[in-house]
Amino acid sequence: MGQYCIQLINPNTCQSMTENMASAARSVAAPDTRILAVSPDSGVNSIEGHFDEAIAAVGVLQQVNAGLRQRVDGHIIACFGDPGLLAARELASGPVIGIAEAAMHLATMVATRFTIVTTLPRTVVIARHLLQQYGFSGHCAAIRTIDLPVLALEQDSPLPGEKIRQQCIEAMKYDNSGAIVLGCGGMAGLASELTRELGIPVIDGVTAAVKMLESLLSLGLTTSKHGDLAYPVPKPVTGIFSQLNPAG
Amino acid sequence: MGQYCIQLINPNTCQSMTENMASAARSVAAPDTRILAVSPDSGVNSIEGHFDEAIAAVGVLQQVNAGLRQRVDGHIIACFGDPGLLAARELASGPVIGIAEAAMHLATMVATRFTIVTTLPRTVVIARHLLQQYGFSGHCAAIRTIDLPVLALEQDSPLPGEKIRQQCIEAMKYDNSGAIVLGCGGMAGLASELTRELGIPVIDGVTAAVKMLESLLSLGLTTSKHGDLAYPVPKPVTGIFSQLNPAG
Amino acid sequence: MGQYCIQLINPNTCQSMTENMASAARSVAAPDTRILAVSPDSGVNSIEGHFDEAIAAVGVLQQVNAGLRQRVDGHIIACFGDPGLLAARELASGPVIGIAEAAMHLATMVATRFTIVTTLPRTVVIARHLLQQYGFSGHCAAIRTIDLPVLALEQDSPLPGEKIRQQCIEAMKYDNSGAIVLGCGGMAGLASELTRELGIPVIDGVTAAVKMLESLLSLGLTTSKHGDLAYPVPKPVTGIFSQLNPAG
Amino acid sequence: MGQYCIQLINPNTCQSMTENMASAARSVAAPDTRILAVSPDSGVNSIEGHFDEAIAAVGVLQQVNAGLRQRVDGHIIACFGDPGLLAARELASGPVIGIAEAAMHLATMVATRFTIVTTLPRTVVIARHLLQQYGFSGHCAAIRTIDLPVLALEQDSPLPGEKIRQQCIEAMKYDNSGAIVLGCGGMAGLASELTRELGIPVIDGVTAAVKMLESLLSLGLTTSKHGDLAYPVPKPVTGIFSQLNPAG
Amino acid sequence: MGQYCIQLINPNTCQSMTENMASAARSVAAPDTRILAVSPDSGVNSIEGHFDEAIAAVGVLQQVNAGLRQRVDGHIIACFGDPGLLAARELASGPVIGIAEAAMHLATMVATRFTIVTTLPRTVVIARHLLQQYGFSGHCAAIRTIDLPVLALEQDSPLPGEKIRQQCIEAMKYDNSGAIVLGCGGMAGLASELTRELGIPVIDGVTAAVKMLESLLSLGLTTSKHGDLAYPVPKPVTGIFSQLNPAG
Amino acid sequence: MGQYCIQLINPNTCQSMTENMASAARSVAAPDTRILAVSPDSGVNSIEGHFDEAIAAVGVLQQVNAGLRQRVDGHIIACFGDPGLLAARELASGPVIGIAEAAMHLATMVATRFTIVTTLPRTVVIARHLLQQYGFSGHCAAIRTIDLPVLALEQDSPLPGEKIRQQCIEAMKYDNSGAIVLGCGGMAGLASELTRELGIPVIDGVTAAVKMLESLLSLGLTTSKHGDLAYPVPKPVTGIFSQLNPAG
């Protein structure tokens, strides 16, 4: 067992996506970091809107709770909408990072403006809200879509990759963007190759989050429990949510 | 049965709060509007942070789904954080209004700046994020708290009312605010009296949302299904969330 | 005489527009609401810029003053620039709503982003300033124009309607907007038909303002007289403006 | 007669204020600039709110129209709310400057943040809206008031001056502001003395506007007639506003 | 020797550009204003990015220091990035104006929105940051480029002028801009002719800055030494920067 | 020699500060990361304003150039104003991180709002501009100062540490901040102890930047050379800046 145990939470129930993201995470993790990849038992197998996100947020919280029992050191929410991020921070004792957050932050450090390439047009609004919340509305030149559902990324087809590359090329040409943020956890495996091929930083949130979380952990920085991210006010969680009662 | 049936969803499981809010809603509803007040079977009995909100959002969606089966005309999310608002709009065919949203909008129409008076300091961040999302950061002079938990409002004690009045008076004096937004559904019954006593508009979101929803309904305006609030992409919702599968 | 008497002020002197807006207003008003439609004696017959607006603002104030003498319950300013809105709020004892304001607010409740369709390109700046003042710059995807003068809407020609429909269709396609705000009081009669035809909410400010004003009135909420919207500091109004001296 | 003839429009009807502002304007004007100080025949004798401003805006336009007949080269709107600024720009062929605008612009060039010192608390909202419109919300550290009506500045009393100085001193100490913007045309005569006494730039809009207008004139820059500040769409202006028909 | 001596600092080492800008400056300066045009001994001969700007900023400071010894009254930084502006304000006793700043400010007074026309695409980010810092992001409709290096403007070729005119025409047509800001000191001589030809204000920062600086000087306004623009904390400046030690 | 060689550039010439920061950096660096701590030969020994920053920026660039010759992998600019950051990014082939940037980014991941504690009041404006540039104006609750010069941190006195702790405590109490950002490189050694003592994350930019830079390096992400951060346009750098000519 490694120095740090990072829980990589895939908020959807698609097992192949969990495995792909775990693989990407492990490819960049420090040698002594252990990646514990999980996904909720209940929920939806892809997240493509606010409805899916609301469901997934509870799934994330259940996994965080399970992670607390396993004494993991930190948590990654591996869906580009960062579902349940602030709720997970309340619940967790360690740091929690969302993959959209991680990718956007790093993008601002290697370029003055970036383009997001995501899946379905209906998810653009989610990215736009995150940009506003994180403070990066002025750093994002455009949000582009490949107009394919999330699970198309899990199929053995070259189409999604081609469409992503095409959008990246257009971003360089028309948006004058210096970097690309891949707007879906399912695109995790493509970043390195696109970075090499296009000659600009193409950033995947899963790998970005692993390094950000390792950074926080090694600096001894964790979610502030002073103020609005303090542990939830103790109260019973009833019915179908009873798994969310405090780990004990 | 009335012309419109409005589903008033209390996102927490506290039955007395549901009843109090239903009472406030009925006091302002049009004679032929029916208020169907509900709350989730599962969840938490008060909402005081992001963790509670994430749970409540799913409870809201389940109730929206139930409301669809009952062919209600529109939905109100009666918790000041407006949990699950955009998700509910995806799911619903009719309009959906949050009580924070309703109160904030109306406040901007009767004053140039308003103060929010809410419960626990840890919920201030939730109000601040809503202000940003709705566009009203510049219209809110301050967010004040009474530093009491939500359920204190359900007890037979004069303390919460006194503290709220005190904050309203300070808002008039120190914030130069022309209106007050009550920052908790549990304060629904206090608005009229405070409005009279203080001589400025004190706005409760529950009653505000009833009138806004009636307004949308009578104008024939409903949640746009073009674009990002379209019905959720059809996919199975599994496990504990299976109640969220489409009404049919 | 009805429960509420709402003064619908057409800020320009075009009588046919007053009548058309009154008709639209009455079509959505509650059965016991009386719509008192008026327009200034002096002024311009259409409002297509800041110069026209400045003149119209005084006309609005004169009508508000007349309305106060008639003890109307609230006032609607029925020109998309909302001319004289804050001045009218100072003068009035009851609530005052502008039609741009009303339409924009409702649009944010049924879609995440909306497009405004207005008349002449030179009025775009007026809409842009209102968006900024009301907090909705981030909610408006685009402002489109039909490039016809306001009074073209009063003529018996299909052209304006066709051009408006065309812009709505382009807004759905290119702006990814979920709702349309009609940017001129003269378009009041078109909203319902366009809503049905296009399948997205097309919002007219006149009808929106009627319902918003009824909402405020039934909630007992009126313009705050604490602070900057207090009644004007008493002083003589001289010369051509003497009609603006306090009603008494 | 000088090289440039600048029309200094006092939007209120208080003659002593017109004279004081004219005197301040002449004290800084170039030797060959002629200051033509005017005020409306009709209106209010001080401007202390939106209602007063709406009236004054029409008075400003009438004076601009008169100025056009006299072939003045440019216009100054000498009230801190800049009433009718964009309308006057439409009407005028030459440049038009508001005194709030002029003072705020210059303040950003001599300090990183400034404080506005104005008269009545109810006018704070007017200054705040101008800051937002001009882009200077982030450059203004605070808006302070002396809580005296505008015309107190015209009386032979040391009180207003003392209160203004006191607010300037507090601005230096508590707001960390590097410059003061005097928030009323009636304060025009105080800037030089306060600048000397306090050792920081204290900026009066009347004198600032004279120099800005001379700057525009000598650069050959005038109000753009391309787009939204083009001359008003020709149409009759009727009734009490008939003086506003085009100069001819 | 004139009433005011203005130091016009060309931050690059290109002597022909210094002379051209001096010529433009003198063409608008008051008869008794003396323009002292200088450029650094060390540095780069054109400024086309942040690296060039950082070097130029020190060159500017050295010239300001030299100007202080010569008792000049104020300083102009004549490169569109306004390199070293706040540092120069700390160092100087008199006012300091940047040409981007001057042009942008004046543009907002003659049009509601303007377009910037600059040289290389890589400098767009510099203009964008200045707009944000000065508060004018909302007043700039677009930043256009001619895609030629700065020194192309110094060559005897009609190409740059033609490309600039072409971009101005497109700005009028596609950006709906009412004014143009020329985005390079090397374009100083083109403003008047373009203004005449295109019929809209085309603003050059060099001439604009001369008039703004004369304005500040004649108003007795200078850089505030209270707070963050106070003279630099005294300390030795060593090595290659030793020329920056205080004038004495 | 380690896997990565990180150049830690202290922009001022104070050798003890370089050593202290190097020590802090090494305490968190990965075992195989080599920290190469440098400072400019020329410049100022502390940075307390824009003037100092402008000088330091060139010192930073000279060190980056030296680092390129030594084939370092990335660069840290270890002064809280991040002097020369974008210029260094143009010059460098690897990633460049500023310590203010690093600390602010991490702060947003462990708290919803943070307070900056810096040295002299005159540097507050620098922090404020960085917050705006990086997008974090809304995430910073306050900027507090200890009102001591930078070099006080290098003396063997408990006073600075006590004042910092006092400001942190007040930030927790009055700003409701969940995290502290230490606003000076000279405070690097205090973060861990304060974090433990106060029970909230206290973030030092030096250590934060080391981990962020390691993160970028291990992800294969480097400064984008597409667009505005491309290598400087080749041109001679003359005179005292000749050290800035390309490494070769």
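Letters A, B, C, D, E and F name the chains as they come in the text, with residue numbers starting at 1 for each one.
In the analysis below, a residue touches a chain if its C-beta (ideal position, glycine included) is under 8 Å from a C-beta of that chain, and two chains touch if they have at least 3 such contacts.
In UniProt terms the chains read A, B, C, D, E, F = Aspartate/glutamate racemase family protein.
Keep in mind that what you see is a predicted model, and the values were worked out from it rather than measured.
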Path length in steps (a step moves to a chain that is touched) from subunit B to subunit D: 1
Listed chain pair D-E, B-D or B-F that repeats interface A-F [over half of contact pairs the same by residue number]: D-E
Between subunit B and subunit C, centroid-to-centroid distance (C-alpha), Å: 27
Distance from subunit F to subunit D - Cα centre to Cα centre, in angstrom: 44
Touching two or more other chains - residues of subunit E: 86, 112-113, 121, 124-125, 132, 138, 176, 227-228
Touch-based graph of the chains, sorted into line, ring, star, complete or other: other
Interchain contacts, given as pairs of chains that touch: A-B, A-C, A-E, A-F, B-C, B-D, B-F, C-D, C-E, D-E, D-F, E-F
Subunit B residues within the subunit C interface of the complex: 28, 30, 86, 95, 97, 101, 105-106, 108-113, 134-139, 172, 176-179, 192, 195, 199-201, 203, 207-208, 211-212, 214-216, 218-229
Subunit D contact footprint on subunit F (complex, rising order): 121, 124-125, 132
Touching residues on subunit D, where the partner in the complex is subunit F: 112-113, 138, 176
Residue numbers on subunit C that touch subunit D, as the complex places them: 13, 40-46, 48-55, 57-58, 61, 84, 86-87, 89-91, 120-125, 129, 132-133, 149, 227-228, 230, 232-233, 235-242, 244
